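Attaching a single structure in C-alpha cells format; questions to follow.
For clarity, chains are labelled A, B and C in written order, and residue numbers in each chain start from 1.
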Amino acid sequence: MRVTDLTLGCLVILAGIAIFISAIDFTVIPGQSYGAGTMPRAIAFATVGTGIFLTVKALLAKGRFGLELEEWVFNRGSLLRIGMILALIVFYIAGAPILGFAPTAFLILIVAMLVLGTRPLIAVPVSLVATVAIQQSFGKLLLVPLPRSDFLPFLW
Amino acid sequence: MKKTALLGTVFALTLAGGAFAQDSYPERPITMIVPWGAGGGTDAVGRIIASQLQQELGVPVNVVNRTGGSGVVGHSAIANAEPDGYTIGVMTIEIDMMHWQGLTDLTYEDFDILAMVNTDPGGIMVSADSEWDSVESFLESVKAEPAGTYTASGTGQGGIWHVGMAGWLLSEDLPANQITFVPSQGAAPGITDMVAGGVDMIPSSLAEGRSMIDAERVRPLATMSAERQEAFPDVPTLAETTGSDWTVAVWRTIAGPDGLPDNVRDTLVNALETAYNSEEYQSFMNERGFGLRWAGPEEATQIVAEDDEAFGEVMREAGLAAE
Amino acid sequence: MTILIEAAALVFQPQVILVILASAAFGMFVGAIPGLTATMATALLVPVTFFMDPVPAIASIVTATAMAIFAGDIPGTLLRMPGTPASAAYVQDAYAMTRKGNSEGALGASLVFSAIGGIFGTIVLMTSSPVLADIALKFSSFEYFWLVVMGLSCAVFVSPGSPARGLISLFIGLFAATVGIDNPAGVPRYTFGSIELYAGVQFIPAMIGLFAVSEILRSVLNRTEMPAVQSGGGGIFKQQIANIVKYPFQVVRGSALGTAIGALPGAGADIAAWISYAISKKFSREPEKFGSGHVEGLVESGASNNAAMSGAWIPALVFGIPGDSITAIVIGVLYIKGINPGPMVFINDPQMIYAVFIVFLLANIMMLPLGWLAIKGAGTILSIPQRTLMPIILLFCIVGSFAINNSPFGIVLMLIFGIVGFLMEENDIPIAPAILGLVLGPMLEQNFVTSMIKSQGSFIAFFERPIAAGLGIATLAIWCIPLLLMLVARRGKASDDI
C-alpha cells in the first residue's frame, strides 16, 4: 500500500497546514511571546517545507497522483491474518478488565497460533505454558498489576 | 438452635465472602499509586512508606508509578479507584493547584486524606558565582532593575515554586512577574541551568539543592518558612531578613479515594503512624534533608484546604489561574 | 592503595558476588523482552535494595542495568525489535546480519563492544570525573538545544532512504511528542479531554508499536521463516577479536564520545549512539555498506551506548545531578544508604566510591560470559517457527506496553503506532527518526522555548556562548555540507558538458 511521491508530498503539505491551524489557539506563557504554540508551529513550517520539496521533486520527475497496491491487498489470507492481529489487540484491551489477564492472554495465544497454522497439539500446551509463565513472571516477579481473575485466585 | 445460627452465620460468611472481606482488611496486596516518576523525591517517600506499611499490615504493598500530565494522571487514578482500601496513593501539593489552572475538576475533596508525612519549605537559592550574599541584596537588585531583568526557574509553568516565588514577590509589594519565570522540568535541571549561568535564582526547597549547596556551587539565601530549618541552621527565614511574612511549603500526604470504610481508614492511619515513626523512615528523611511532619486525617485535610485557598488567591493575582 | 584494598574487600564477598549474579540474570531477562527497559529493571530493584547493605545495593542496580542494556540488543538483532532508542541506531545493520545467518556475529559485537565501552567509561569516571562534571555544568539550554538538534540530524541522515523521508519520520515523532501537558507552558495540547492523553505519547508503547507490532504485521503478511543460525566466521568472540584489530580507532572514538555525551545530564545514551553511528558512517572507508549488515557502525555506536551509561554517573556522583532516569533512581538509593552524592563523598567515603567503581568493572567483565550464554540461548528463538513465536511476542508487546505506566492506554498507543509504523515502512519512510523525535521532542521543545524566553526572541543568542556556537556551527555543517557537495557535483557535471 504505497502512495506515489507526488501524493506523499501533497499529503505532507496538508498535514503541515493542519498542524499549523490546530496550533493557532495555543496560548503563550503569560508575559512571554512563546508558549504552547511555538513548537507545533515550528514543526508545521518544517513539515510544509519538506512537503514542498517532495512535491517539486516529484513534479520535476513527472510523477503522478496515485496509490500503488501490492499483491497482499488482494490476498484474502493476508488480510485475514492482519485483521486478526489487530482484532486480538482490541480484544485484549476490552476483555482483560472483565476476564482478567490469564484467560484473555490464553485466548489470544491460542487463536493467533491456530489461525497462523500451528497444529492444535502444539498450540494448546504452548499457549497454556506461555500464559502462566508470563502471568507469573510479570505479575509476581515484576509486580506488574495485571488485571486479576477472581475465579483463578491460585495464580495470584 | 444456637448451633444452627452459628452454622448459618458461617454459611452466610462463606457465601458472602466478598462483602465481609472488609472485616479482615487487608487480605490481598495493596497498590500504592505514585503520581510522579521513579527515583524522584515523591517516589522515594512512597516506596519507603510502602515498605513499612507492608511490615505493619502483613500484605504486599506495591508501588505503581502513574506519571505524566503534571500529576493529573496519577491523582485521577487514585481518586477514581474503588474506595476499598486496596488502592491508595501519594497525594502531592499539585492537587491544590491544578484545578485553579483549569487542568482538571479534581480537588482534595475527592480524596480521603489519611496522613501528611512530610513538608519542605521553599527557599531562595542563587549561584555561588553571583554577587548576592543575602536576600536583601538580591531584592535590591530586583527592585532596581525593570521587570524581567532577572530570571528564575526550578519547576514547570504554574508549578509550586513558581507560585511560591509569585507569592513572595507580591508580599514584597512587587508585581508577580518582576522576575521572569523560565519553566523547567524540575528543581534539578533548574539548578543546573542556574549554575551554567542560564537563570539567576531558584525558589525551590533547599533540600532539592542540597548536594549543590554542599558542593559550594549554590548559595542558599533564605527559607520561606516561619522558622529556620533543622538541616540548614545558617539559612535565615524571610521574616528575619526582608520582613516578609510569606511562607510556602510542599507537602506529601497519603490518601485514598473518597469514601473509605471507617475500619479500613482506621487500620491504614494506625499503620501509617507506625510507619512514620519507624527508624527507617525517620533516618531516611533526615539523610535526604526532607522535612518531617506528621498530621493525622483531620489536621492534614485542614492544611490541604488552607493551602488550596491561599494558592488560588496568589495564582489569580499572578495570572496563573484559568479564568 | 589501602583504599583500593578496602574497597575490594567490600566487593569480593560471597554475598555481594551472589547478588551480582542474581541481578545479572534479572537484568538479562528484563532487557531481552521487547518493551521492558533498563530503567524499569532499576525501578523494580529499588524496593529490594532497601534491605541490602550499600555495596550490594548499588552492585545489583549497576549489574542489572548493564545487562539489560546489552540484552535490549537481542530482540533488536533477532527480530528487528530494538529495546531502546539507542539500539535503534544500529538495528538495521544487526538485523541484516541475522538475515545473513550471522546473528551470533552481530550479538557478539554488541556484547564485546558494549563491555569495552562500559569499561572505558568507568576508567574515565574513576580518573577524571570532577573535571568532566565541571564542563558538564557549563551546558545551559542553548547548548542542549544544539546537542538535541545534532542528534536528530544524525538520525535523519543515517537512516536508509532519502533525507526527505527521514524528515517526514522525524516530524511524525516530534509532533507526537507535543501531545499532553508536559510542555513549558503547561497547557494541554491535543488531549481531546482525555486524562490519559495528558501524560502524552509515552515512547515505550509507541516504540513497541512502531517496531515490534509493525514487524508482526509484516511477518503474518509474508510468512517468511528466519534463516537458521550459522556460526559465521567461527565462535562468538573470535569474530570480535578480528573486529578490534580492524576497527581500533572506531572503538576508542565511540567510547570517548559516548562518555562525554553521557556526562551531560539529560542527554544520555540515545543521542550518543546516533551521533556515533553517523560519525562512523561519515568517516568510514566503506560508508555504502552501512545498513546492509556491516559491523563497523555497530562496533562504534555499541561502544558509545554503554560508555554513555557510565558517563551518566559522572554528574550523579560529583554533584548529585542525575544524568538519566537510571542514575536518578540510584541517587535516591544512595541517599537511603546514607551516602550523599556530591564532592564530599570522595573525601568522606572514598572506599565506598571505589567499591562502586570496582563493581562497574566487574559488571562489565561478567557481562561477557553471561552474555555468551544469553546469545547461545537466544539463538534458539530463531528455530521456533514464526507461526508459534509471533503470537507469544504479541503477548509480550501487550504486557510491556501496559507495564510501563500500568495503564491499558499504553496498549491503545501500541496499536495505533503499530499501524502507523506498518504504513510508514510500506512507503519507505524510516521508523527510527520518529522514535528519536518522540524521545527527544520534549527536550528539544523545553530547551528551545526556554532559550527563546531567555534571549527574548533573538537567534543570535544561540551562538553567543562559546560551546553553543561550536555545537551550532557543527550542526549547521551536517546540513550544509551534503547540500554543498551536491551543488559542487552538479557544477562539475555541468562544466563537463561544456
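Here, a residue touches a chain if its C-beta (ideal position, glycine included) is under 8 Å from a C-beta of that chain, and two chains touch if they have at least 3 such contacts.
All values derive from a computational prediction rather than experimental measurement.
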{"item": "Touch-based graph of the chains, sorted into line, ring, star, complete or other", "value": "complete"}
{"item": "Between the pairs B-C and A-B, the one where more C-beta pairs touch", "value": "B-C"}
{"item": "Chain closest to the assembly centre - both centres taken as Cα means", "value": "C"}
{"item": "Length of the line joining the C-alpha centres of subunit A and subunit C, rounded to whole Å", "value": "22"}
{"item": "Euclidean distance of C-alpha centroids - subunit B vs subunit C, Å", "value": "32"}
{"item": "Geometric centre distance via CA averages, subunit B-subunit A, whole Å", "value": "36"}
{"item": "Multi-chain contact residues (two or more partners), subunit C", "value": "184-185, 406, 449, 453"}
{"item": "Multi-partner residues of subunit A (at least 2 other chains)", "value": "29, 32, 143, 145"}
{"item": "Residues of subunit B engaged with two or more neighbouring chains", "value": "64, 157, 180, 183"}
{"item": "Subunit C contact footprint on subunit A (complex, rising order)", "value": "1-3, 8, 12, 19, 22, 26-29, 32-36, 38-40, 42-43, 46-47, 50, 53-54, 57, 72, 78, 81-82, 84-86, 88-90, 92-93, 96-97, 105, 108-109, 112-113, 116-118, 122-123, 126-127, 130-131, 134, 137-138, 142-146"}
{"item": "Residues of subunit C that touch subunit A when the two form their complex", "value": "29-30, 36, 40, 44, 164, 167-168, 171, 174-175, 178, 183-185, 187, 189-190, 213, 216-217, 220-223, 385-388, 390-392, 394-396, 398-399, 402-403, 406, 408, 411-412, 414-415, 418-419, 423, 426-428, 441, 444-445, 448-449, 452-453, 456-457"}
{"item": "Residue ranges of subunit C in contact with subunit B within the complex", "value": "39, 42-43, 46-47, 50, 137-141, 143, 180-182, 184-186, 188, 195-196, 198-200, 202, 265-266, 318-322, 325, 328-332, 335-336, 338, 340-344, 405-407, 442, 446, 449-450, 453-454"}
{"item": "Subunit B partner contacts - residues on subunit A that touch it in the complex", "value": "29-32, 143, 145, 156"}
{"item": "Interfacial residue positions of subunit B with respect to subunit C in the complex", "value": "37-41, 43-44, 47-48, 50-51, 63-70, 72-73, 76-77, 101, 103-104, 151, 153, 156-159, 180, 182-185, 188-189, 191-193, 195-199, 210-212, 214-215, 217, 280, 283-284, 287-288"}
